Each structure stands twice: as C-alpha cells, then as structure tokens.
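One structure, as structure tokens, below. Some questions next.
Just so it is clear, A, B and C label the chains in written order, and each chain counts residues from 1 on its own.
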Amino acid sequence: MLLEIKNLTIEFHDHDRPERVVEDVSFSLDKGEILGIVGESGSGKSMTALAVAGLLPRKKMEKSGEILFEEKNLLTLPRHDLRGLQGDEISVIFQEPMTALNPTMKIGKQVEEALLLHRHMTDEERKAKVMEWLEKVELDDSERVYEAYPHELSGGMRQRVMIAAAMVSDPQILIADEPTTALDVTVQSQIIKLLLKINKDSGVSILFISHDLSLIKQITHNVIVMQKGRIVEQGDTDEIFLHPKEEYTKKLISSIPSVDLRK
Amino acid sequence: MAFIKSIKKIFNKYHGFNFNAGLVITGLIFIIALVGCFYTPYEPTAMNVSIRNTAPSLAHIFGCDDSGRDVFSRVMEGIRNTFFISTMTVLIGSGFGIILGAAAGYYGGKFDEILMRINDALFAFPSVLLALVIVSLLGPGFLNVTVALGIAFIPSFARIVRSGFKSQVNMDYVQSARLMGAGDLRIIFVHILPNILPVLMSSVMIGFNNAVLAEAGLSYLGIGVQPPRASLGLMLKDGQALLATAPWNALFPGMVIVLMVLGFALLSEGISEAS
Amino acid sequence: MLLTLFGVSFLVFAAFEIIPGDPAISKLGTDATPEMIAALREQMGLNRPFIVRYFDWLGDCIRGDFGRSYSYNRTVISMIGDKLPITVTMTIISMLLVIAVSIPVALLLAKYMGSTIDRAGYISNQILMAVPSFFLGILITYIFGLTLRFFTPGGYISYRQNFAGFIGYLLAPSVAIAIPKCAMSVKLLRSAILEEWNKDYVRTAYSRGNSTMQVMYRHVLKNALIPLITFWGMAVADMIAGSIVVEQVFNIPGLGRILLTSISNRDYPVVEAIILLIAVVVIVMNLIVDILYRCIDPRISK
C-alpha cells in the first residue's frame, strides 16, 4: 500500500461557524493503481486531493486524521520535509492549463523546476530529462516547446506540458484534479489516453478527481463516490457501475448520458 | 435624476475606512475654508511688528510670521484660496474633459483619432509643467493660475471619460436606447454618463489631489497666487527663509497641504475600492 | 512616436506665437523707437510667415541649434547644456532610490499581509504619498540640514569642482523627490503581488515543492513588476517636473532655475528648448518602457 488516508476530516474556520468540507474519509491507494474520486461540486473531492498534495493552507483550517505516505503522516510532517516530497514523490496536475502555468517563464524552465528543487543534476542532464518527457507526452517539435512561453501553446499542449512537469521527477503518486474539464472533447480523450499510457509505462499511481462519471468509468480501477464531504460508496469501478448499492450512486449513474449506446 | 440617484448610490455604498477617513479630513478642511470666507481670528494681512516671529501660543496657535501676521489666519485664507482654485481647476478640467472625452469616445472615427493624438502629446507632460508653460503665456496671478491648471487638467479627464465611453458605447442598453429613438445627447448624458460615474468620481478626487499639489507648487515658485494674498504654497516659500528662526511659518502650511491631499486621496481610494 | 514629437513641437511653437507681447520690444525696452524695433524684428526673423519660421526652427532644433537667448547674449544650447547634468543626475538618483527601496518594502508588506506591519505600512504610505516633494525638501532641510547639520542648506557644490560633493549635495533633494513616488510604487507593487499571489500558477509552484520565498522570487515577483514598469516610466516625467520645484528649495542652479527666469524674462527660445527637451525625454522613456515590457512580458510581442 502506497498511500493510506485514515479518517480525514477538514474544517474551515474563516467564517463565524466552522464548516466541515471533508468528514471522516478513509481510503488507500496501491502502487500502479488508478483511483477515481467522483462527486458533484462541493462534495469535498478536490479538498481531499489538495490535502494529499499538501496544498491546503495551514491557517484558518483544521485537519484531523492521517494521510500516510511511506510511514509519514503528511498532515503533521514539518513543512520542510513536506516540500521535499511535493513535486518529487507526489505531483499534481490541475484543471486549468491556461492559468496553472507561469505566463512569464519559459516552458523548459517550468518543466525542469521539480528537478532543480529535488535533484542534483547538471544543466545538460536536466535538459535531457526535460526533453525526454516533452517527447513522452507527445509534444511535437519539443525543441520549440522548450523555448516557448505558455501563451504560445494551445490548451491541450499546455496540459501535456503540465503532465511532463509533474512526471519529470518520476513521482510515485500523480494527483489529477479534473485535468480534462477545461479541454475540448477530442483533446480530452487524447489526454486520457496519455495518462493511461503513462500509468502503464511508469507504474505511477494516479488519484483521478472528476465529476464526470463516464471518464471515471473509462480509466479508473477503483472508485470513491463522495457527497457533501462524506464517502457514499467505494470499491471496484466495474462492480460499482454494474451494481451500485446506494441511492445516490444510482442516481449519478443514471444521469450519465449513455455514451456506450452511441458507440 | 438618474445622475443624482447614482451619486446617492455611491454614497450609500461606501463605508470603508478610507472613505470615512477621507470624508472626515476633507469635511474638516472644507468647513475651515467656509468659515475662512467670513471669519478669521485676526485679519490675515494685519501686521504687528511687536509680535514678529513669535512662537505658537494660545493667542496665535500657529505662531506669527516675520511681519507679525497671524499664521493661523493666513492658513485659513490659504486653504480658502487653495480650495477655490482646485475646485475651479477640477470644474474646468472635468467639464471640458467630459465633453471632449465623451465626444471622442461616443463618435469615434477621425475626430477621436485627431483629438487623442493631441491629448497624448499633452498627457505626456506632467500637469505642473503644463500649467507652468500656460502660466508663462498668461502671466502669473490668481485667475491665470486657475485657468492654467484647469487647461492642464483637461487631457487626463478626457482620456478617462473617453475610455469609459468606449467601453460602454456598444453595450446593449445603449443600442436599445438608440432603437427607442433617444438622441445622441440624451444617450451620452442620461444613459452612458451615470454608468461611468464611479470611475469619474474617483478621478475627480484624484484631480482635487493633484490640483492642490500643483497650486501649492506654482505658488511656491512664486508664479501662482501673488502677495499680499495668502496661499499655502506661498507661505511655504516665505517660511522657508525663516526655517532656522521661526520654523512654524513653513511647517504648519505644509502640514495643511499634506492633510488636504491625504483627504482627497483617501476619498478617491474609498470610491474606487467599493466599485 | 515621431508624430507625437512633431505634434508637441508644433504646439510649443504655436503656443509661444499667440501670446501677446513682442520679444523685440521686451528686448529693447519700452522707450525704443519704432525704427529700432522694426530693424530688430527683421534681424530676429520675426517678420516671416509663421509656418516658415516653424519649419526653420524645427530644422535648427533637429540639428541641435536652439537659437540664441533673448535676454542673455548666449546660445540656448550653451545655457542648457551646462545645467542639464544637474537635473539628469538628480532624476537618475531619485529613480534608483525609488526602485531600490520600493521593491524590498513591498515584499516585506506582502509577506506580512494583514498584520500590524502591513497596516502601519499602508497608513504611512498614504501619508507619504500626500506630501509634496518641495515640502519634503523643506522638512529635510529643517531636520537634517538645520537641526542635525548633515549638510549645509544652500551650499550647492558644482560637479565641475567636486563630483563627490556634488552627488552628496544632490542626495537630499533626490530623496525629497523620490519619497512620494516610492510610496506610490510600494502601494502598487504590494497590491500587484497580492493579486498575483491568488493566481493558479502559484499553487502549481507550491505543488512542485517551492517554499514561499521561492514562489515569491522565482515566480511572483517578475509577474508583479509588469504593471510597475509603466508607472516608473511615467514617474520619470513627474520627477523631472518635481525637480524643477525642488531645485528651488535647495537652491540648485539646474534646469528649473533657467526655466523660471526665462519664463519671467519672456525668453521664449530658452523656454521652448526646455519644453521640447522634456518632451523628448518623456517620449524616449515611453520607448524604453515599451522595450522593457517586451523583455519582461513575453505575451506582448508582435
């Protein structure tokens, strides 16, 4: 078991009344597994993902439970040690490739940043590694992309760049927070295929957050259904889609536009 | 009517720290200016050699200058003059600025092109410098400085109003007003102008802020308000020579300038904060 | 850009044409005979048509010949050339001060966002922005010159005599010019940093294991400086205008003094030359801002 979350609870404290956004969530992620978390907006799925990535603010927020990675609890790990894992062992790709990249920094510099922060490498080694990943994410003309700025690339290309930047340090966990929501349908399926290929080739575990059940069904091994901060149902993806136990899950599944029928 | 309503809306909307602090400071100074029109503790020009350069006391709270004139009374007159000049400046600047900017932004085309070329050329100059040139053409003096500053402030107002109109002119409500047969003037003043009022209000306050600074600067250089009239800038100029012996002559007028500018700056901040 | 310069030069020339008052009369005095005035007008070239004189003048200006002063028997260029280094040095020192001080202060305020330091910084910023630089000059003279005796008020040292002393004397006026602009820069930069701080790429940077300091210096600062460049470009023109006034406070014989004496003497060639010069500086600054923009913000390029 690579990652284990035990009784995770997250409370916001910036309003008069504390607000529970995640309540008593437990699950685990195995090596090479693709685990989906699905739910409507406000279900706490993104909060859970950000907590695993260590990206929740420390102030104004109370977190309890455990997030265990390599026997370390990420919730209580000192900041410095947490930073050592971020971008090295745990990487994230976000929803909006348009804004998630720094507009004034060249693509090459952004992709290599994780290596710069976590590895001792010469400039040449780093560049070789970056070029390798720009090619792995199927960016044509990778030399040009290396020298380009984000605004010169399309949305799909930027998301590929984000994936390259996340994978360049060979992390064990890749958190994908709605990585295709902002993209066109055709680009979306390309990115999904790419993620599947990367998972197969490098054995990275993927925590795939989405509100899109048909996507979840296509790519994940296991799935967690969340509603209002709580887990409604979890288990094998095919099993849950065939025999949902809870009413909420059934409702969600029945609301999928029937992609399969159109095929 | 729509005009008054949107002004009311602005005032109801703003309760921030900046706006309130600005309102208090500006209000206080405005009251002093108003009182200064009818009453000053002493005659601002009355000289009394026996109390030359006396330090601040209960009788003369800001002290006396080298002719034995009461500094506080002169500051009151200075505030009044500065207030008058900056109000006139802003009125001239914003009045012509609105007309030119609205016409350029609303009609666009060649007229806009030419007007904005000239405007850009003038805008490149700091307004103090522009006013300095105009004063050098008109000659120094109270009214000339007012006119000079007013003219110098037109470009910046025109620019703001123009860009406001440019952003509004293609909006649906303008189109529908046009379909209903509203004339250009009606659309400009009744429909569009109230919508850019928050921006305009904020820049009017900045205009006051800059006008006070510019007037003080010109008077300090000796080409603004002429003696024996009092002006805050002029008092600074005269007070500077007495800095070693009677520093209150320069310090109090200077601090009043700071307060005036601060008040307008806070008001402008408060207005733009809430919109 | 050249068009703007052309427009400015035309406006300047035209403005000095329409004013009442004959420079020939003011040069000779009121008791000159009409014949003397006519002769002088002929000699000064005042009888030719307006447009001809304008293009003559413009052509001369481009060649660096701004004509002769009406009041002094000197060429304008020799009068200005002397004083230019003073104003230029003062503006450069002020600009360097603004940049060198505002960036660290804004970083500090942004770091302690919402704390007492931030609030105190905000209030002192608002106050400093409201102090006109000539009053600051007077305050500096009073505190550091008269009370603490760090420098002698009015004791200007020419750059020809002692360059170090010259820079030393210009320091106080430069500070006076710089402080209000510096306060404004701090305010702009602080809010630019906070705005950038809420952008998505900051979260991305954190997700790669950057510390807060690294996020600030590697990512946010460069983006936040973009709006500041425009402001600094415009501030240069303001600082030149400010220096004209502040020169009077510190009794410095720079451009400001000639401008003022020329204005009161109706010495138009000198006034025209100075205005034109400032226009050139402003336009060149715009050009530099444009180039800097292209360097720092890759999104703006043709």
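Worth a mention:
Please note the rule applied: a residue touches a chain if its C-beta (ideal position, glycine included) is under 8 Å from a C-beta of that chain, and two chains touch if they have at least 3 such contacts.
Predicted model, so just to flag it, every value in this text is computed and none were measured.
Shared contact partners of chain B and chain C: not a single chain qualifies.
Here the chain at the heart of the structure, going by C-alpha means, is C. Ranked by separation of Cα centres from chain B, the top chain is A. Here the CA centre of chain B is 22 Å from the CA centre of chain C. A separation of 55 Å divides the Cα centre of chain A from that of chain B. For the pair chain A and chain C, the distance between mean C-alpha positions equals 52 Å. Within chain C, no positions touching two or more other chains are listed.
By the touch criterion stated above, chain A contacts chain C in their complex at residues 53, 55, 79, 83-88, 91-92, 94, 96, 99-105, 113-114, 117-118, 149, 151-152, 162, 165.
Against chain B, in their complex, chain C makes its touches with residues 3-4, 7-8, 11-12, 15-16, 18-19, 126-127, 129-132, 134-135, 138-139, 141-142, 146, 153, 237-238, 240-242, 244-245, 248-249, 259-260, 263-264, 266, 271, 275, 278-279, 282-283, 286.
Those residues of chain B whose C-beta lies close enough to touch chain C in the complex are 117-118, 120-122, 124-126, 128-129, 132-133, 135-138, 209, 213, 216-217, 220-221, 223, 236, 239-240, 243-244, 247, 250-251, 254, 257-259, 261-262, 265-266, 269.
Contact residues on chain C toward chain A in their complex (touch as defined above): 199-201, 203-211, 214, 218-219, 222-223, 226, 296-299.
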